[in-house]
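First the structure, which I've put down as structure tokens, then a few questions once you've had a look.
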Amino acid sequence: MSQVQHLDSVDEAVAGIEDGSTVLVGGFGLAGMPFDLIDGLIRQGATDLTIVCNNAGNGEVGLAALLQAGRVRKVICSFPRQSDSYVFDALYRAGRVELEVVPQGNLAERMRAAGAGIGGFYSPTAVGTMLAEGKETRTIDGRDYLLELPIRGDVALVSAHRADRMGNLVYRKTARNFGPVMATAAETTIVQVHEVVPTGELDPEAVVTPGIFVDRVVRVAPRHYTVQGAR
Amino acid sequence: MALNPDELAAIIAGDIPPYSYVNLGIGRPTRVADHLTPGSGVVLHTENGMLNMGPAATGEQVDTDLTNAGKQPVTELPGASYFHHADSFMMMRGGHLDVCVLGAFQVAANGDLANWHTGEADAIPAVGGAMDLAIGARQVFVLMSLFDKQGRPKLVPECTQPLTGLACVSRVYTELAVFDVGPGGAVVRDTFGITVDGLRERLDVPLSVL
Amino acid sequence: MSQVQHLDSVDEAVAGIEDGSTVLVGGFGLAGMPFDLIDGLIRQGATDLTIVCNNAGNGEVGLAALLQAGRVRKVICSFPRQSDSYVFDALYRAGRVELEVVPQGNLAERMRAAGAGIGGFYSPTAVGTMLAEGKETRTIDGRDYLLELPIRGDVALVSAHRADRMGNLVYRKTARNFGPVMATAAETTIVQVHEVVPTGELDPEAVVTPGIFVDRVVRVAPRHYTVQGAR
Amino acid sequence: MALNPDELAAIIAGDIPPYSYVNLGIGRPTRVADHLTPGSGVVLHTENGMLNMGPAATGEQVDTDLTNAGKQPVTELPGASYFHHADSFMMMRGGHLDVCVLGAFQVAANGDLANWHTGEADAIPAVGGAMDLAIGARQVFVLMSLFDKQGRPKLVPECTQPLTGLACVSRVYTELAVFDVGPGGAVVRDTFGITVDGLRERLDVPLSVL
């Protein structure tokens, strides 16, 4: 039933993603971005996708490449505009991609709610702002909140550091970011890792994403890239 | 012949698909673990914060920091992980467990479950994780005797004891028969030492046959 | 401001807890029960307490001793009745302690909500049961939920395994249980640990409760006790 | 004399109580870190999942898996911890941060904040964690120039640009003055090379004095 599939190639790992899917994509900027899985998704060909990701792509790699390939109908993110988000910027200004801006804390919490079976929650963020438009406001214990609903994915694409054969995951530093939350919130969670170790080698106290949340694992080589702003 | 509890636990273990994530309720359901083979790949969840729980701890293995939901000492299998209570119940309530096996006072033909409160006026209510499990696991199996100590059926048209969850049970294992329950009512899957007509005589619930 | 206080005695650690406080008490049965802090609280003398804990005490130690001392007005828990909860049982039947039974998942999630600034959330648990009485029901996306509100503590008493000087915590096995959640949900979080290590010795990837949630730390000797059901 | 950005950052650093947990917004607020001494015990939070963030990484220190909220490479101090985004924003939204320092387009005398959206029709909106920080930290300090490039005051009776949060700012640091803002309106705490009357001439906001 729930056996984690360890796949030999990225192409096998992303097989079956359907047109029109909602795809949760990990990463904060480039850290934790599942580059290989996104490249695989571009080759795989699924289109009309809704992408949920903190950003809307950097340069021409990863999510930016997927956008450039014209596969994305809508982006749900907190921070699309960055110094090197020119691919998204151009598509957006051309009216070729929809955008839903969600405060970063609501983005994370709405996915957690999906993973946790919570039907909705009252968030203190964005009360009285234009991002509150159309949302129910409720005063609880003297403070105003907005009703926020879960964001579920058909698929999550996550980059982790190390997996064991049962799909337990650990991450590295701030590359952890959205990965553990997205892994809980999708029907199918696909993970790229730099290393697969035998079951029993990960410290049970330090597992961040238990294998119960993981469906497919593929090992990829670490990718070297330049970080913007590196001095 | 009616099955004994051990035989019944073995049947449930056989019905759990390989590699399932499973939570076994306190009490009799715990026995199902004794019949799961390592090769099945089944992973046990305990709501007090662990996946890949191992068998009961004995002697030197006993560690007061490592218990199951019934507070009994258990062991850890390779590939285990620990997490806090909110994360543990996220697994349950978020629909990530494939199967849970619970005891019950009553199950209705539509899958309603009563297993937490006897309904007696002086009872001290104690729900634990029963309501979370009932609504959270993808499949809820109940393991119970078909009749209570007074001989009254526990598979009923409608629960008279306080409910744990609505329409949440999918299958009921008893010493005399296994039933599917749900929107279509009770369906007999298997009988042990009794005919379906024999069951019909003793139950107030319309029964169809698989 | 937020400097973690490392105290030399349990009595200093529990100083200042006021009558009428809501006290979150960690532990699941005996595992993770902050025995020493509870003993300190009994000596400290605060009374009229509301205790939030998964259980309502075992035998005559820990929470049971606090109950026996007559300091508890109300218990909010998921599972009061156990084979050795005779102290609570007797007080309850004598009408000397109030009881609010909360499903275990709601108990954990309501405290998390308090720690996370969530005003309330829609829970799938207990719909249609007697524990739904008086709660708002709402249908979202075809499923029924109950509105659940945060549970905040004035104080949390938590038992962890190891702390560093900054108050970062790690736990041991299933003794982790409610500790990390309660630490986030109280105005003052007081932690007993078996060991305090220099800052930098805990693996940053494996810290479970970051020091931001911790106010006071006291080192205590590990306690040996018998586990019920041990064979 | 009006202060330069570095002098202002130093003043803010001096106003942050020892051992505070602090989040510094992207851009100019990041400079406050350069003026925090190790002895202050101040712990920096970055919303992409880290406490006890260290200074910018240089040369060999650069690790693509370790960045701040502005996606720039940073370092880790002893006592650091990593956590996922839901846990990180739990710290912010749950009121566990003592101080955050943010940039702003406009701040109103009552503490309303506008710092995420220029309001221009063709702007691509991008909010990031600004709204979460604004309502979450116990004290929100704003670091901004007192006038925009067109010379218009940025401390205003009421924000005309899209709001980030309501009545959330407690103090505003500018090159000419430091103000407390809130229910009592704007209060001048300090001036640099200008008198309070000089400020009153240039601002549309009633000013009281500490």
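Labels A, B, C and D are assigned to the chains in the order they are written; within every chain, residues are numbered from 1.
Quick note on the criterion: a residue touches a chain if its C-beta (ideal position, glycine included) is under 8 Å from a C-beta of that chain, and two chains touch if they have at least 3 such contacts.
What you see is a predicted model; the values in this text were computed from it and never measured.
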item	value
A-B compared against A-D, more contacting pairs	A-D
Inter-centroid spacing, chain D versus chain B (mean Cα positions, whole Å)	54
Between chain C and chain D, centroid-to-centroid distance (C-alpha), Å	35
Euclidean distance of C-alpha centroids - chain A vs chain D, Å	28
Touching two or more other chains - residue numbers and ranges from chain C	109, 112, 116-118, 123-124, 171-173, 204-205, 208
Touching two or more other chains - residue numbers and ranges from chain D	76, 82-83, 89, 92-93, 136
Touch relationships between chains, expressed as pairs	A-B, A-C, A-D, B-C, C-D
Residues on chain C engaged by chain D in the complex (per definition of touch)	1-3, 112, 114-118, 164-166, 168, 184, 199-200, 202, 204-205, 207, 210-213
Residues on chain B engaged by chain A in the complex (per definition of touch)	17-21, 41, 43, 45, 51-52, 76, 78-83, 89-98, 136
Residues of chain C defined as touching chain A within the complex	109, 113, 116-124, 138, 140-141, 143, 145, 149, 170-173, 203-206, 208
Residues of chain C touching chain B in the complex	28-32, 54, 78-82, 89, 92-93, 99, 101-109, 111-112, 123-131, 171-181, 208, 224-225, 227-231
Touch list for chain D against partner chain A, complex	46-50, 56-58, 62-67, 70-73, 76, 82-86, 88-89, 92-93, 117, 122, 124-132, 135-136, 162-166
